[in-house]
Amino acid sequence: MTEVSIEKLTKDYGQGPAVDGISIRIAEGEFISLLGPSGCGKTTTLKMIAGFEDATQGAIRFDGRDVVHVPVEKRDIGMVFQNYALFPHMTVEGNLAFGLEMRKIPKAEIRTRIARVLDMVQLAGYAERYPRQLSGGQQQRVALARALVIEPKILLLDEPLANLDAKLREEMRVFIRDLQRRVGITTVYVTHDQAEAMTMSDRVVVMFGGRIAQIGAPSDIYERPANLEVAEFVGQVNIIRGKVGNGTVSTPFGDVPAAGAHADGTEITLALRPEAVELLPLGSGVAGVPAKVRSSYYSGSLVDYRLELASGAIVNVQTFPRTRFADGDEVLVHAPADRFWPLGISA
Amino acid sequence: KTLVVPTLGGVWEQYWRSTVAPAFTKQSGAAVTLDVGNGRVWGANLRAAGVAKPPYSIVMTNEVFASGLRKEGFFEKLDLSKLPNYADLYPLAKKTDGWGAIGAVSPIGIGYRTDLVKTKPKAWKDLWENPEFKGRIGLYNFANSAGKMELLLFSRIFGKDQYDVDAGFAALQKLGSVIQVDFNLSTGLASGEIVVAPFDFGEIARLKKQGLPVDCIIPEEGMIMFDQTINILANAPEKDLAYQYANFLLSPEVQAMMMKEFFISPTNSKVAVPADLKADVPISGADMDKILTWDWNFVNEKQGELAERWAKTVK
Amino acid sequence: MSRPFFTVYCLIIYAFLLAPILVVVGASFNAGAFLTFPPQGFSFRWYVVFFNNDVFMRAIRTSLWIAAVTMVISGVIGTMAAIFYVQYSGRLKEAVRVAMLAPLLLPEVLTAISLLFFVYSVGIGTQTMVGMIVGHVLITLPFVFINVSASMESYDPSWSMAAQSLGAGRFTRFRRIMLPLIKPGVIGGCLFAFIISFDIFTISFMLKNVGTSTLPIQLFDYLRTNFTPEAAAVSTCSIVLTLAVVIVSEKVLGLRIHRF
Amino acid sequence: MNAAAKKRFGPLLLIAPAAILLTVFLVLPYLNIVLMSVRMPGQGTPYGPGFTLANYGKFFADSFYIGQVVNTLWIGFVTTLACLVLGYPVAWQLARGNSAFRAVGYGLVLSPLLVGIVIRSYGWTILLGNNGLINRTLMGWGVIDGPLPLMYNALGIIIALVHVFLPFMILPIMSAIQGIDPSLEAAARSLGASKAKVFRRVTLPLSLPGIQAGCILVFVLSLSAYVTPSLIGGLRVKTMAVTVVDALIDTFQWPFGSAMALVLSATGAVAVVIFGRLTRMKWKA
Amino acid sequence: MTEVSIEKLTKDYGQGPAVDGISIRIAEGEFISLLGPSGCGKTTTLKMIAGFEDATQGAIRFDGRDVVHVPVEKRDIGMVFQNYALFPHMTVEGNLAFGLEMRKIPKAEIRTRIARVLDMVQLAGYAERYPRQLSGGQQQRVALARALVIEPKILLLDEPLANLDAKLREEMRVFIRDLQRRVGITTVYVTHDQAEAMTMSDRVVVMFGGRIAQIGAPSDIYERPANLEVAEFVGQVNIIRGKVGNGTVSTPFGDVPAAGAHADGTEITLALRPEAVELLPLGSGVAGVPAKVRSSYYSGSLVDYRLELASGAIVNVQTFPRTRFADGDEVLVHAPADRFWPLGISA
């Protein structure tokens, strides 16, 4: 229920800017993810929004009002800290009750709300434990519950699911998203997990080295990354070289229509995601390029192959393990022309 | 050979170190180890060590402490043949029947602030009678030997004799609140918290020299005193040296030295107080007989009971 | 509390801590012969007297030496005990604490007397400093223990575990990991041990060996009979000395740690 | 020693030196004292022949002594409380304040300990006495007619004790506060707690180990303080420690003095245990 | 270079067993992953192997020798703690040097080894920083580097990559695996990430509630899970009901050969992984069952669909987003008969 707008925000801890002039406008009730490599300034950004760190430069506005002088506790935020920051001297229940007590919620309601949220994070029997008696993932869930139970106007989540397994993660995502939608909480979600950012967010902000590389809807980010760096960060990419001729680019995968006007003979690079490539057994009658399996990684639901084309180029391909190929197998690869996107002229 | 010589600390040690000990070494050829302490510590050490193996050969301390230790058998009756100077002592210094010899006397009268008191005291009774003093009287507490003497003195003044402690306590009760001190009444007197208190003349002399407006009177009812009784341990490790040292302390030369340094009243009758010291050492010679003395056995035996009564009475 | 109010509050407390000391320091520069306040004129004469007084200088040397020895012994024993207390004492916690506090719970005089009897009964007597140093260690031990255990409580055992997993033995773990992280408590405890040992009177008085004397004993006796500003000068010097030690240790050791 | 024993008894080695020291030099010597406390009082000697419990009986039967116990505990309690209230902010400032001032502040905190007790009392007399600086100034301004009773009473004793015991409160609290992870305070604020609430609900409870240490130290020291009460109190205010010292070394009643001392110590120990129980930190292992 | 064998290991913190009689035999140089939901006892198991917690029952042997009485520091382990446990008073360099100094490595070599490992964890410029000056992910990498740089005999890693992004994670995995193989370190790796466990491990141990549910090679775990719980934990599963008749099971996807002998007419349940199902546009000429798209989640490289079959059954399908379907679209689904596995007789 609060619009958060960040303008030219910069933070310097003394060794060069950790956050470097970022601007984002987060609409009321919007769910934004901050995605970026370790050390790119995600936590720092959250801390400035929360008010724990003063910005070196720039402004933060809630509903248009500059909040420089609004103390943290008046901002009505809920925050999950990357290191949890659970109160060691309070039980799980005490930790959860804290924010509610600050809001002067009646005792009885506190009790029911805690019971409900503990249920949601699957820690129903743990109310009386102290943080040191919990496992890492359990602590993280308490931290999450503590921020959510107060149903704040703004939610700042710093990798709140990093220590949970896929199943629990999935359930927590649904829980967070439901609550966020129901209450209409403006949310900034920091994660290192692209899939998580993609599935949960209205918009994704990709940051590198303290700057914003791209802001956009999840599919924009994945399918129309602003540059190679973003592309590589949100997924894997094959870099394919081709030569322009007759308005098409000839690549090892066949001809691809050239976007933009290039002089014939120009060498350009194209990008191709591994999962866009189809892998077929030799002689399956489909038009494909022959390749040889160099190595493969099995990860349960997916297999990653490293293939070598006749040209000697290496291509990564990701497929479901419906049909498996062994190292050294000869295969056919096929990539639809519309899955390539141009990166620029080769150096 | 080395003699352990017990001494008080501070200026006393300083003087002993610089003057007395070297003089004795020169005379006897024996080395001296100075051991700083006071009656309480020496008493405790002797008792801890036991009668058979005392760490000291000679002890000089207040008669109160000495009489207790004497009764427990630590000291021997002085061998006067080894102590020629004993013969020259005033009678006051020989009151212990040859068991100890008083080496120094500091008579106690009434000290007061000349600037803060209009009517100067003349007698102990003035403590009760002069309204100027109310609440500003200093007294030694019972732990101090002077405190015990205060009780005995007041018992004598207001009752039959020193044994009439009921009268003494009644008087203390009537005195109202006083500032009790374990030692060093000078601080209180200097800061003006105390305007009148029992004071030994030596101390008043020192304070006066340091520029404080104080004076001291000899009360009509009589004086009390701090004494320093010399005792020889029965099982002294260095008994001969101890006698030598005792004799040295009692010699006219050393008595005169101590008089000049600490304004004590010398106990050796061969020492005359020079004119320039008369004001600071007002009591000497025959006057010393006027100093009141006490039956310490009575106090030592009833110590617990008297202490408790004192604690409950004096506020 | 608002910032300015808080600052003023703290300043008032510092003033309170300092007030009687300033009186003493002021008195030490007294030109007059008597310890009075306000002082009569300004002079260093009592400092000169003090520095030329070999009884005091000798006593100060003795006191410093004893305080240093006491600090080391108490520091080591007390720190070890505090580690045990916080990490291993389990249900005995309360009992261990009371036992460690016992030397303070028992009257110093009585401890002195009982120790005096003890050293004579085992034949040491007061020929050596053993009795006095033992007494000083007993009295200062609780201060080290209490301070170190207070900072041990916020020591995260997983730091020791990490060190252990990297191959560090007991002693290395202590020296390289735990000690630096509980430094404020150890330094505080050792400073207390040193300062208190320097100031102990009764125990020293009763248990000192024949022929030595400490500064408190000298001051005590000195003040019984002499009331010159020299005593204030002595105190002022010991304040200045200690402050110097504290400021140097802040520079060299750092009295604070940055954990977070 | 084999490995198994090492693992089991290793920790005990930590406490061994302290245990040995306390046993040999405190427990053993005190056996003598315990024995002493049941001896007959002596007549001009340290103790008489025979044994008796009368020393304890005398103590418990006399309201004079019981009153002193109450008085002593009361002074100890007030002193401890005052030290806590006055010391906590300073400890906080030393732990969290800016660094330029820290070393000086640290030194200032220690300074009361650096002045010998006698001199310190002299300083107080100058300030608090009837004829002292404060009273003279106030009278000079005409604020008061007669001197305020600041000395020779319990108030004076408490002022002087608080002064010299403050360091013992401040240092342990300071180390405890340094051990608090600031992100906990940040978390509390993110949950809507005002600075005051953060202090009350997070900082204060987490500094409890320091508070506990400081309070116990100050309380125990107040119980056994005797020079300050006797110098500043002008021996008008009776505390147990003063009476014990009197009995033991001044008036030479070893049996009764020992009995009183043991009662005083036991009282202190009980108070410490009760305080420890009341402030037990359940969240600790 | 050490064989670790765990026998009937149990740990009880007082509220019921956290680890409950587990036995594992880890071969020399083997890479084992512990996989399991939050609070299942993974960290506790690691701590017992390291020697930080005494087992309530059971034995741990290194190369056949019981290590109960071997102190931690003599076990030559390297451990990454879930909460990092970096030494706060030492710089990154100090943290990394510590273990090497314990091993009396010469100064010069320490310096080169630290430089090398810092390079590997991509923190080359951070040697002089204190832990408090690092971001969460940077701290985690220091913790990892600290354990690896000593090249111990046994490596115990407790979610060492939880706070890293996919790209870095990938690189770290390779780094860990390379070092582990090169030096031959026996490794126990705790993770909540199935894919990670699958790609890295020689064997995977799946734990639930303190007990071992299954031990096996990654593909075993994924393709032949011991029970439904394991199956659901290591990936997603569709539960399909079918009726036995004539040695086959008739399911909404068509007939599937029945494994085992069941009386005709028995209702049994089968499991099917979402990525095993092919999704085709209607009328693509392939034999498939018609279905309707109910909802879909887009996660960049993958799309998850919830489909409703004609029978009303719900099936989850995961595909690459080569062709996208909108909610409400009619599609065909096809699942090869060999991708089903039987779960048991329906209740």
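Every chain is named by a letter (A, B, C, D and E) in the order it is written, and numbering of its residues begins at 1.
Keep this in mind: contacts are C-beta pairs under 8 Å (C-beta built on N, C-alpha and C of every residue); 3 or more make two chains touch, one makes a residue touch a chain.
By chain, UniProt protein names: A, E = ABC transporter ATP-binding protein; C, D = ABC transporter permease.
Bear in mind that the values here come from a model prediction, so they are computed numbers and not experimental data.
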Steps needed, at minimum, to get from chain B to chain E via touching chains? 2
Chain C (ABC transporter permease) and chain B - chains in contact with each: D
At the largest C-alpha centroid distance from chain E we find chain B
Of all chain pairs, which one counts the most C-beta contacts? C-D
Chain centres from averaged Cα atoms put chain C (ABC transporter permease) and chain E apart, in whole Å, by 56
In angstrom, rounded to a whole number, how far apart do the mean CA points of chain A and chain B lie? 91
Chain B and chain D (ABC transporter permease) have mean C-alpha positions lying a whole-number Å distance apart equal to 36
Hunt down the residues of chain A that sit against at least two other chains at once, touch-wise. 83
Which residue numbers or ranges of chain C (ABC transporter permease) touch two or more of the other chains? 35, 113, 117, 219-220, 223, 257, 259-260
Residues of chain D (ABC transporter permease) touching at least two other chains: 118, 122, 126, 181, 183, 206, 249, 281
Chain C (ABC transporter permease) partner contacts - residues on chain E that touch it in the complex: 50, 52, 71-73, 76-79, 81, 83, 85-89, 98-99, 102-103, 130, 132, 146-147, 150, 156
Where on chain B does chain C (ABC transporter permease) make contact in their complex? 4, 8-14, 17, 33-38, 41, 44-45, 47-50, 55, 183-184, 186-187, 190-191, 203, 206-207, 209-212
Quick one: in the complex, what on chain C (ABC transporter permease) touches chain E? 156, 158-159, 161-169, 172, 176-177, 180-181, 257-260
Please give the residue numbers of chain D (ABC transporter permease) that touch chain C (ABC transporter permease) in the complex, ascending. 10-12, 14-15, 17-19, 21-22, 25-26, 28-30, 32-33, 86-87, 89-90, 93, 95, 99, 102-120, 122-124, 126-127, 133, 163, 166-168, 171-176, 178-183, 196, 206, 209-210, 212-214, 216-217, 220-221, 223-224, 226-227, 241, 244-245, 248-249, 257-258, 261, 264-265, 268-269, 272-273, 276-277, 281, 284
Contacts from chain D (ABC transporter permease) onto chain B in the complex sit at residues 41, 43-46, 64, 118, 122, 125-126, 129-132, 151-152, 230-231, 234-236, 238, 243, 246-247, 249-253, 256
